[in-house]
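Same chain, two partners: chain A is paired with chain B first, then with chain C.
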Partner chain A sequence: MKKEHSQNGITLEAPLEESSGKYPRHIQVVMKGNYAAAEAARLCRAGFIPAYPITPQTTIVERLSELVTEGKLDATYINMDSEHSVFAAAMGAAIGGERVFTATAGQGLFYAHEVLQAIAHFRLPMVVCNVGRPSIPWNIWSDQSDSLSQRDTGWIQFYGESSQEVLDTIIQAYVLAERVNIPAMVVLDAFYQSHTSENVWIPDQNLVDRFLPPIQPGEMAIDVLQPKSFGGLIPPEHYNRLNYNYWKAMNQAEAMAEEIATDFGAHFGRPYGNVEAVNIGPETRLVLVTISSITSTVRGVIRDYPEVGLLKLRLFKPFPKEAVKRALAPLSKNAVIAIVERNFLGDNEGAIMQEMKRALYGSDLRMYDFYAGVGGKDVPPVTIEKIIHRAFHQPEEVNWIDVG
Partner chain B sequence: MKPANEFLIKDEKVYSGALSCRGCGWSLLARHLASILGEDTVYVAPASCFSIISGPYPLRELKANLVHTVFAAAPATATGVRAALDRQGKEDTTVAILAGDGGTFDIGLQALSGAAARNENILYIVNNNGAYMNTGIQTSTATPYGAVTTTNPGGGFKRAWPKDLMGIIAAHNLPYAATASLAFLEDLRRKAEKAKKTQGFRLLMIDGPCPPGHKTDPAESIHIARLAVETRLFPLFELEGQHYTINYRPEKYIPVEECMKYQGRFKQLFKPENRHMIEDVQAHTDQYWMRLEALAGM
Partner chain C sequence: MLEIRGHARGGQGMVTAFEILAKIFSKLGNFQVQAFPAFGVERTGAPIQAFLRVAKKEILNRSNIYHPHLIVVFDESLLEQVPVFNGLQKDGAVLINTERPVTDFSAPDRVVYTVPATRISLGLGLGSKSLPIVNAAMIGALARIFEVSLELVQETIRDNVPAKPEANMEAAARALRSVNGANGRNRFLIEALHAQPQKNHRKVEDLHFDVPLEINGMETPFWSEPSSKNKTGNWRLITPSYSDRPAPCNSNCPAGTDVRGFVRLTSEQKFDEALELISRHNPFPSICGRVCPNFCEQNCNRNELDRGLNIGAIERFLGDRAPEGKIKPAPVRHKERVAVIGSGPAGLTAALRLCEKGYSTTVFEALPQAGGMMRAGIPKFRLPDEVLDREIRRIEQKGVKIELNKKVAVEELSSRFDLVIAATGSHIGSPLRIEGEEFARDGINFLREFKLDHDADGLHQGQEVAIIGGGNTAVDVARTVLRLGGIPTIYYRRTIKEMPAIAQEVKEAQMEGVKIEFLTAPVALAPAGPSQVALTLTEMKMGEPDESGRRRPIPVPGTERAILVGRVIKAIGQRADLFAFGPKPVEPQQGYIELESGASVFCAGDMAWGGTVAEAIGSGNKVAEEVDAYLRGKPYHEKETLPEVVLPKDINYAYYLPMARHYNKLHHPRNLTGDFNEVARGLDEQEVVAETARCLHCGECFNCGNCINFCPDAAIHVDEEGRLRIDYDYCKGCGICVQECPCSAMQFQLTEAVL
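Let's look at the complex of A and B:
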């Protein structure tokens, strides 16, 4: 069966020699995912960067410090005393009307939880990178429990499959965040992405400048001539109305993200969508649902399984219900959905299964959940093959693969 | 020092109708500070009584911007605000934090220390009323030894000494820090003016009258604040780097109980079996004063 790649990015199938000259007004560089994130912050002209180190995010803030020192990024860079303070400072600078960038991981994101809520409910646009890792017992390896557990803080969330996608998504996330006044988080995998070198196409600055104009301070920005009180005690009826407005903006975010991703393709030559469907058609018997770098492994495996397709989620919050429904629409009634979870949120089902059930409520499609790779446990092709076999042969509703 | 009067404020920078309790220090403090700091100021307030006093949405007490922020992180939020203003060429706009003792001595201490150690160009004002008054009088690490709060299991009043915030602040080598009292308004205003002009991280700690929390007569707030200074319970001093200056030396030695007896929160210390605790407070107060004198003489 012919595979359809509705979205590209730098895929495993793209040989490097064919790539040279592929994107005009770009340079091709081999770099680690964390450096790609820092490059994106530079290209987006982040003006304020509060920083606090945490493995495996550290090289992002180290690189940003270098970029500021080298004069390649005109930003105010401040070493804070904790992630809680990092996000509180980010909030202050965003209320001051600046474009803010920072990065964190695991415990740092958990520690900032209170401030994530405040930033979102202040309706402050900013972009933050999270390099996913779980909590105690100490574990620094790839896992999305940190960011997925923050899905209800009101932030937009994207998950990047490759370093290229992380860089490109940060640019798109700023456009989206500043359009809807909602902060956005771009998540990459610990080590598999953060510390792994890949080819990355870096666009020219003026290409980015045309796509992402300077930030326009909105209603929630300090104006000394028109003083306001920000965030004071608010009566229930007004609080309710603010949340109604927030809900309306969040409801627009899915379609807007899709539109921005399409525009990005026109500007930069690399189109994206909220989801990516590979080999999903009437003959497909099984669809694996993934986020982040496990997607690349699945791409490789399903070449040998013509009856298996892939649904990659790039946007996770707001959950792209429409895109998911559209992507799965060609499936026959007997097709099966298998979800690969690299997170554990203390419930029976993983985070992605919960959202997929919500999106496909009323559908006849059978859905099975597969915990694989929690705490950074490797998910090699053979693990994906096990998931495929189990999904075809009497799976439980929720399964753990390769528990040692 | 001459008694101060209302004419100290020539140009009012607050609207009428602050939501403070009768005899509260916050509204008087805000009036004086605002008249000195002016409208070109961005205030940052963590959770505290002032979160309420400054007015619920859509009202506003201060004639300036006020950013309310999370309890633990006013100095961090102010750091971000400062950076944004500086990037926009508004270096002359003052960024001032208005915090209580809970947000300063306890939950906000880390962020305070961080901003102080970075010498951020921020003015930090702490209204120290010695407990979590907004939530209804719970013990903070600023609560005085022997004071009653609603959270003192096993005895009903506090049996530990309050944290020496000014000592902690001194360890940060700040350009300017001072204590001030609403009973010594000219001194307070001079310090606020000096703090406004100084670059870098500055901190003013004000003794905060709180009739419901201290169990005092609202009409006595200023009288008691004056006695706190006269008895040396709340010494007035300034710090520039490691250099201490005592601003007011009481002419007479007045025992601490002369101030404590007006405050219902210390009532139990006046029972015969607890009198020794007043002596403890006296000894602690004398020691602190001697230490201050020694530091000021260096």
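Let's look at the complex of A and C:
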């Protein structure tokens, strides 16, 4: 029934309840990105959640604690004493065959570094949210240096553009992680996503259940009737074999992620890919390469610039080389690639430039790197326009925009 | 797309308000919304911003809002600090929480709305005066501007506020009705809400760059630079300050002595200043350092840690080292002459104070020596004569005249003096009220006669003496008897816990060999031969508490027994000597006394209140103030006692180490007979200074530096005079300094207005 909410002012369209036709078996709500992440963990029926607070992630684990307390999520929730312990507990529970979820940020992730390696090389599937912030000088704002610096720990990494994408990606990440037995990290931006309230479609539980079946404990799982030892010393010949298997699995992950993202679209009505190409064609003179929330602002800016396209990277590890090459294939050889980096890893190029060069080895495309928004510096449309301008006017190979 | 920017202080609920607004818009008409905050280093009171975008289509901008259509100001004081209006679009609107009229904020190309959201919120108990939570009221005001139904607003508020849903809903309703400014719909805002993004088809060559406007307003320092430009003091909701709270030693001293002060000066080895400080309230430091029950020590907060300070010994040390030099007499500045009857501590103190104030004062003493009870009632082994002489001499040198052997009444002085103070004390022994009363001697008389006349009342070696009572007189009598060769036994009807005598004196008496039988009371006395008295005693037990709160002793039937002793001395209390007032009965009380003759008579000392030297000194100080006011025709008010004495709960004991107390050494020869040497010996300078180091400095800053060490904002410094000071430009009011102050020398109060 249509409900008139205005006294005499704004002309109203149909209110929310009737507009849910866009995505059947969903409800639309306005919620913060961190709450969307927690909601995703609930929908995925995470069974074990070790937690330790850190800004700007804290409201994820706080919300999960509420959900567990309210009986809306049947999970074991444990407050740990540090992130190192959080990840150690996560590892133990995953060995036991539980579906594990937790969240961290910045220093928390750095502190867990040792255990990140262990979880990956034990081949334990789980999904962890990281709300990106840098380290020193002390800073709590949006920056991807923390997760990008962990790219070599062996985890799969996704970066979400919106709260909706974070929620949807967590669901996909569980499917992928449990299929290849590799843990996955879903990264969202501090504040611009974590604390931003926006429209999110929440799928029905049974819709998710059909897409993500209950976790199947593998042969590695703890079984009290079949005692095994974990974590013992591995001699060189076995270590070699384990890494070889890991390498094979990781090589399958890119294609599998693409397949799962496509399936997700069919299932939920919101298709995704490992990358997304916008306005990339033979006439395109410049392609901006982005990850995370800056992508939205770039979309808005390039509406006014028909010669500028966008390549958004959603999957970062394994780096989607095939998808990137496919997406850029239509470009003329005069086209220019400009990469937006909200990270600094202590090298000349930022993390994305390094990976892009690897993916496009042998290509004639000119590639320029642009540091922008590091440490949470706001990236308004005008900053994107400056990048566009610079990309066309004698750019350096690596450029800093808006250095204050 | 509509863009709204909000400015508030952390804690006012703006982020929640913007999220609620986003929800309201999303329910209104399938709008896409985006609400987010921009925090600094987030903290209550800090200036923060929030942003809200509302659009019909997907919102393709995730950066801060620099050119809003509407600016919402939750806290008016931010107008002084943050360039809140920066970037407002032409014809854009502002909504300000203020009591001021709209015209105060008017400007061309700007539509102004105001709402008294603070008043509305506080009226409904939302937040505090220093931090009103105005978010629901601000939502209500915005609902009025966008003409959204109150029902939808209230429903969304109810479902989303963390507490007090009813009050918040009501705040929104009241604010909706209280918006000042343009009536009718704001076409500019409504159009922005529905506007579709336009494709502009710009060429790269057309690019021009507007530098984003500064909307933060907070000069955030670079991490490696001094943070001095970041004046964060205005975030403060509570304001710490150094305070001077009374210490229990000070507030407990009946004489009013600044005990904490003289202990500190002594610790700094400023002995003369310390003595001077004592003398302002107490002219008898040597005496009080020996005979006072040390009210100051009784509630010393150090008792909770190990043992209270030996304040008596410190005071005694200071008094004893007072220079013997000539004291300059105080000049007489007033014509009124004052007479004081009685040269006890009350009379002498009153006389000294009035002399210092410029009155000619004369003290009349019935006995041949001055000092009152200090002279006649306290044995030499507790208070040597020369100590007493010296302190009285100082009073005389100041200009007080003492006339000895003058037992005078008020009447005979009235003609010669403008005013008389009666301080004749309580030295008439109370009766036992038992059969054979007349066969008991009076303890206070015994002490006086022995002290002044060396009359031992025929007491001889080996004589058994029964002493009835439990106060200092009983103990002093017993110890005197012991020194005269008698065998004293004290009979007290209660237990040692209830004994009013100074505990240390009781202990010393027992060490010397005085026997004390507790829960024993006399029933009857009878003569038994030429040199003996039959004393019938009964055992007692402790019954129910009486009006004074002490348990009343009651006789145990069938326990009576008779003993033969050489002498019975009663010492069960004294009553006032009222002869000075003449034959008509007078009820003595502190201060002015109404007499039939109309003479100006005041009263002080034991006869008014108290019963110790310190109380008598306090009484003397007080009566002098009252007399001065009376003579000068000024109103007299008793000084109010200071509030909030520092108690053990206020002390942070973790910051103090246990330190052994320095006890007075005691003189206890094997044979006491004939030995009237002082028992308690003083501490030497080194010991005294070491003892003062044990002071906790309750309620007084002693520059320990904890506040500096703990202040996370480096907002505390030491000024040129070496004092700790708070720089309120930077103090954010976290309260850690107050928490970590060891001795409660800091306090905080709510900052009334955040400015």
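In this section, the second predicted complex is superposed on the first by the 384 of 404 C-alpha atoms of A that agree within 3 Å, B and C clash if a C-alpha of one lies under 4 Å from a C-alpha of the other, contacts with A are read in each partner's own complex, and residues count from 1 in each chain.
Rule of thumb we're sticking to: contacts are C-beta pairs under 8 Å (C-beta built on N, C-alpha and C of every residue); 3 or more make two chains touch, one makes a residue touch a chain.
All values derive from a computational prediction rather than experimental measurement.
> Regarding the shared-chain residue A:V30, is it in contact with chain B (first), chain C (second), both, or neither?
A:V30: touches chain C, not chain B.
> When the two structures are overlaid on chain A, which partner does A:A118 contact: first (chain B), second (chain C), both, or neither?
After superposition on chain A, A:A118 lies in contact with chain B alone.
> After superposition on the shared chain, which partner residues are touched by A:M80: those of chain B (first), chain C (second), both, or neither?
After superposing on A, A:M80 lies in contact with chain B but is clear of chain C.
> With both complexes superposed on chain A, which partner does A:P50 reach: first (chain B), second (chain C), both or neither?
Touch status of A:P50: first partner only.
> On the superposed three-chain arrangement, identify whether chain B or chain C touches more chain A residues.
More residues of chain A are touched by C.
> Touch test for A:V278: chain B only (first), chain C only (second), both, or neither?
neither
> Examine A:F392 and indicate which partner it touches, taking first as chain B and second as chain C; both and neither are also allowed.
A:F392: touches chain C, not chain B.
> Find the residues of chain A that appear in the contact set with chain B and again in the contact set with chain C.
Touching chain B in the first complex and chain C in the second, no residue of chain A appears in both lists.
> In their shared complex, at which residues does chain C touch chain A?
Contact set of chain C toward chain A: 15, 18-19, 22-23, 26-30, 32-39, 41, 59-64, 66, 146-149, 151-152, 185, 190, 193-194, 197, 199-204, 207, 209-212, 223-224.
> Give the list of chain B residues in touch with chain A in this complex.
39-40, 42, 44, 51-52, 54-57, 59-60, 62-70, 72-73, 75-88, 90, 93, 110-111, 113-114, 118
> Considering the complex alone, what residue numbers of chain A touch chain B?
Touch residues, chain A against chain B: 47-48, 50, 76, 78-82, 84-86, 88-98, 100, 114-115, 118, 222-224, 227-235, 238.
> Name, in rising order, each residue of chain A that touches chain C in their complex.
By the definition above, chain A touches chain C via 4-16, 19, 28, 30, 32, 137-138, 140, 191-193, 195-199, 285-286, 293-294, 296-297, 299-300, 303-308, 378-383, 385-386, 388-389, 392.
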